[in-house]
Amino acid sequence: MIMDLNVNIAGVILKNPVMPASGTYECDSIHDNIFSPDELGAVVSKTIFINSREGNTPPRICETPCGMLNSIGIPTEGVNNFIKDRLPVLSGFGVPVIISIAGNSMEDFCELAGIIENTGKADLLELNLSCPNLHHGIEWARDKKELYRVIKKVKEVTRVPVIAKLSPSVVDISEMSLIAESAGADAVALINTYKGMKIDINKRKPFLGNIAGGLSGPAIHPLAVYAVYSSFTKISIPIIGTGGIASWIDAVEMILAGATAVGIGMYNFVNPLIMREVIKGIEAYLKDNNFAEITEIIGIAHL
Amino acid sequence: MKIKNSLIKPFLTEGRIKTRKNEYTGYLDLLIENDKIAEHAMPGQFVMVRGWDSNDPVFSRPFDIVQVNPAKGLFRLIIKIAGKGTAMLNSLRAGSRLLITGPLGNPVEVPHGEKIILLVRGAGAAAVVYLAESAKKAGTEVFTFLSASTRNRLVCRDYLKDASNDINIITDDGSDGYHGDARDILEGFINKSKPDRIYTCGSKRFARFTGELEKKGLTKGYVFLESYMACGMGDCHGCAVKKRGSGGYFLVCKDGPVFPVNSVELD
Amino acid sequence: MIMDLNVNIAGVILKNPVMPASGTYECDSIHDNIFSPDELGAVVSKTIFINSREGNTPPRICETPCGMLNSIGIPTEGVNNFIKDRLPVLSGFGVPVIISIAGNSMEDFCELAGIIENTGKADLLELNLSCPNLHHGIEWARDKKELYRVIKKVKEVTRVPVIAKLSPSVVDISEMSLIAESAGADAVALINTYKGMKIDINKRKPFLGNIAGGLSGPAIHPLAVYAVYSSFTKISIPIIGTGGIASWIDAVEMILAGATAVGIGMYNFVNPLIMREVIKGIEAYLKDNNFAEITEIIGIAHL
Amino acid sequence: MKIKNSLIKPFLTEGRIKTRKNEYTGYLDLLIENDKIAEHAMPGQFVMVRGWDSNDPVFSRPFDIVQVNPAKGLFRLIIKIAGKGTAMLNSLRAGSRLLITGPLGNPVEVPHGEKIILLVRGAGAAAVVYLAESAKKAGTEVFTFLSASTRNRLVCRDYLKDASNDINIITDDGSDGYHGDARDILEGFINKSKPDRIYTCGSKRFARFTGELEKKGLTKGYVFLESYMACGMGDCHGCAVKKRGSGGYFLVCKDGPVFPVNSVELD
């Protein structure tokens, strides 16, 4: 029996629910001997800005208990170079392409959305409204009015379906999911990183060059599952569950909680084969538990 | 040994510890069975290694490939016990399995028929053994300056001795070789012997010194850099090091780990 | 040289900055062969309510990567039995006693504060405004107005100095710390647990009897350090830094970030000697780094 | 062996693995050197154990004390390889160090000059060996019913055989002893032999059955309960189990782990 792993995000069919989380997997040929992105449900770009950016001062990463802090600060070549150099690579795998964008203003988001739409190569647009390492990075997803307005505006200027990537650093993320939906978002991605820091006790200074960073990895998995679980009953658009997935079991938890698809972030660094293992593991789980389609299990932990 | 020159993409592969020894205080010498690394690794490259199922510590740890034996499918790592991850590796017995990603990073170009200096300290010695062996086989004269705080931290001493035309030992406490700072004896040597290149690893002081030598027009300098790494493959952008002058960053794992010494900011 | 580990929380002198986090250490004689509470800077009661409570349906705990979820639900014998049976034990160690209280209403908090004050045995009162496992548990610390009002009211009815224990599940905890200070709190305790959950993939149901629980342990340490760091510059009352401390290094990080004292929670379960190890470790750190008093290092990661 | 009767507070103590064996499929038999546990542990008590520095897994794991040898300072654990923590323990070699908290929980009162039944399955067998040994020495007749899915999962078979007056083997697949369900043969036996007490561990079905026997007035029943545990000492309130009837909760670690079978809710 062949399991049906197809999922539908805003009309785009993913052959399986597994994709990288933005900014954690370059889809470069360096992985050729390990894993090919054409096995994925979708490929996801790192977040693109209009102009190029260098990223933050090192050290940019540090290990924490079952997780990591990053203050990468989204280095990017800018949208034009991205379209020229990277987009052809991403769209060469024959799987849906999700382009993540961010900006310093509402206008930036709209302009980028337009530019990306014109390439005709983006199946889905992800709005990164929740990066804790940017000057005005996380504020979009923390302020109800701003969140509503930026999504609404972007939806007005583009027909590419929009995923709103939200921040857990709010009072109740399920309310923010609802606002995203009511503003017209076609899906939400839950969650981005939590702001955290490490201090070097010998230097008596923050360890990261940028003082604080975003926490991700297995440590936050129970928080991401709850974010998905609590949003699932409030909204009817699909959820891309992201946060701390380190095994197929973690991914199945996310789907049972209500995720239609899952994003895998830092664990790509730990185990470059993790995305394949998750795809295979989900398939085996469906088989072992007599489900024919993955859609049968989305959110059933609520029943 | 044949000098390799075709760069292969990294593998995710399992290795078995063939032998382990703690010859120098606080260091672990691991001989690992793995065909792929043994066959394909080139001087200057490294591997990311883990030997535990747990996610604490979560990252694999990067180590230079010290020696390879493609015929027997073996390669060597020299590991300084620095914290949690290396302590875990040190607790493993012969026969234990490791998860290895590699070979990673860009090989250094092996100089043919030149004269080179290796200026290394502590665990930094591990980085240049393979280069020394390869260069010597390519008809290059290799002069090694091996420095450490004290005698029983002169790691790779024998490996480097075999791979160099001449080796100078320097210790801070005078327990072996020259008592003092390698830089004291090096400038004179360079003025006299006019080496083509100098490679340094394991000390920021040495790296800055190497940069100065190059600026003075005495020799070309190269530095083996280290950095916190999550992926080792250019995915995380965590291992950034500032470019000199021009602005922007290199990634140590993808653009290095060996850099022309004056191309990077040495803080 | 003997290090001076004394710290001052609202006029109460602690001989060292180490205390248990509320609800994680019973100060029972069962620890007699391991560790005695009289070594501590202070003892802290679990949270007390006016009436007795059973606690939540099991399972109440589960392990997560470098952490745990708990949905204990604060079982308590009620304040009268507490005063009769437990308080004499707590005040028998010759170290300051911190009593943690909570209630379902503003009136409950005030009534409890009065009852506790009358015993004359509480050096400090901790308001648990942030328990994610109670019906109206976390809301106090999530709503700016409620937070202000409850602290203000309690301060009106008691002269025992008040610690406000805050929740990280807010947009910006440093703002909440500031509100607590302006309402009259004498100190803040940062942080309580994060709401999270685990799903049993075989039963396809939430693992915990109460569905969700609070995440604590090493996993959240970088988040707690950041909470302390970001609050330190905004307020001038002392901070009790709590969250994921599993070693003296973690405790020193907290103090460098700005904590005057530290609370140790779940790690008491993992290593029943952790509090002594932290006290000894801090002492050795001061010595090795040529500090004579612990107060010299509070918050110096900011410099 | 002397029957102990003074309850000591738990220690936090280090142990060394003396011997390890994997005699039954998926089970580990550990003999551990530690004077304190060996001297003070009583039947029904358990220890919390960790054998790793990492915080993943973070909690120590609870295991029943199977046998003690105070003279030699040894005690035994039988561990079913269930997940991450037990797999870690299984990877340790003889000589490795363990961190142990214990003895924990309340001892069961050892019956003197009575007739008792032990009804156990799988890893549950580990819980009653020490009780069997002590009871037999106190002049009690011990009848053991040991059940498992198949022959090579009949853990503690030899230990229980030695410690019982009679042992009955039951397997689901008939690979050894009675082919079927222990309950089939037990009720007849009880009607005939009229035991004073029955102790059960390792199966919810057996626990409910034991509760029924007691309700029918055939014998007094006791159940060894398990629960997720963080501290094992009453601090976390995590290991709660609902009291029967009256409402409220027992803590398995502090009020148990052995309970009169009809005092708790068996879900």
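Chains: A, B, C and D, in written order; residue numbering restarts at 1 for each.
The rule is simple: contacts are C-beta pairs under 8 Å (C-beta built on N, C-alpha and C of every residue); 3 or more make two chains touch, one makes a residue touch a chain.
Only a predicted model underlies this, so the values are computations on that prediction, with no experimental measurement involved.
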Among all other chains, pick the one whose mean CA position is farthest from the mean CA position of chain A.
-> D
Can you give the whole-Å distance between the Cα centres of chain C and chain D?
-> 36
Which whole number of Å gives the spacing of the CA centres of chain A and chain C?
-> 34
In whole angstrom, the CA-centroid distance of chain B from chain D equals 53
Residue numbers in chain A touching two or more further chains are 65-67, 217-218, 246
What are the residue numbers in chain D that touch two or more other chains?
-> 55-57
Have a look at which chains touch which and call the overall pattern line, ring, star, complete or other.
-> complete
Taking the complex as given, what residues does chain B use to touch chain D?
-> 52-57, 84, 87-88, 93
Can you list the residues on chain C that touch chain D in the complex?
-> 24-26, 28-34, 54-55, 57-63, 65-68, 70, 72, 75, 217-218, 246, 266, 268-273
The residues of chain B that touch chain A in their complex are 8-12, 50, 55-60, 99, 101, 227-228, 230-231, 233-242, 247-249, 254
Contact footprint of chain A on chain D as seen in their complex = 55-56
Touching chain B in the complex, chain C uses residues 65-66, 218
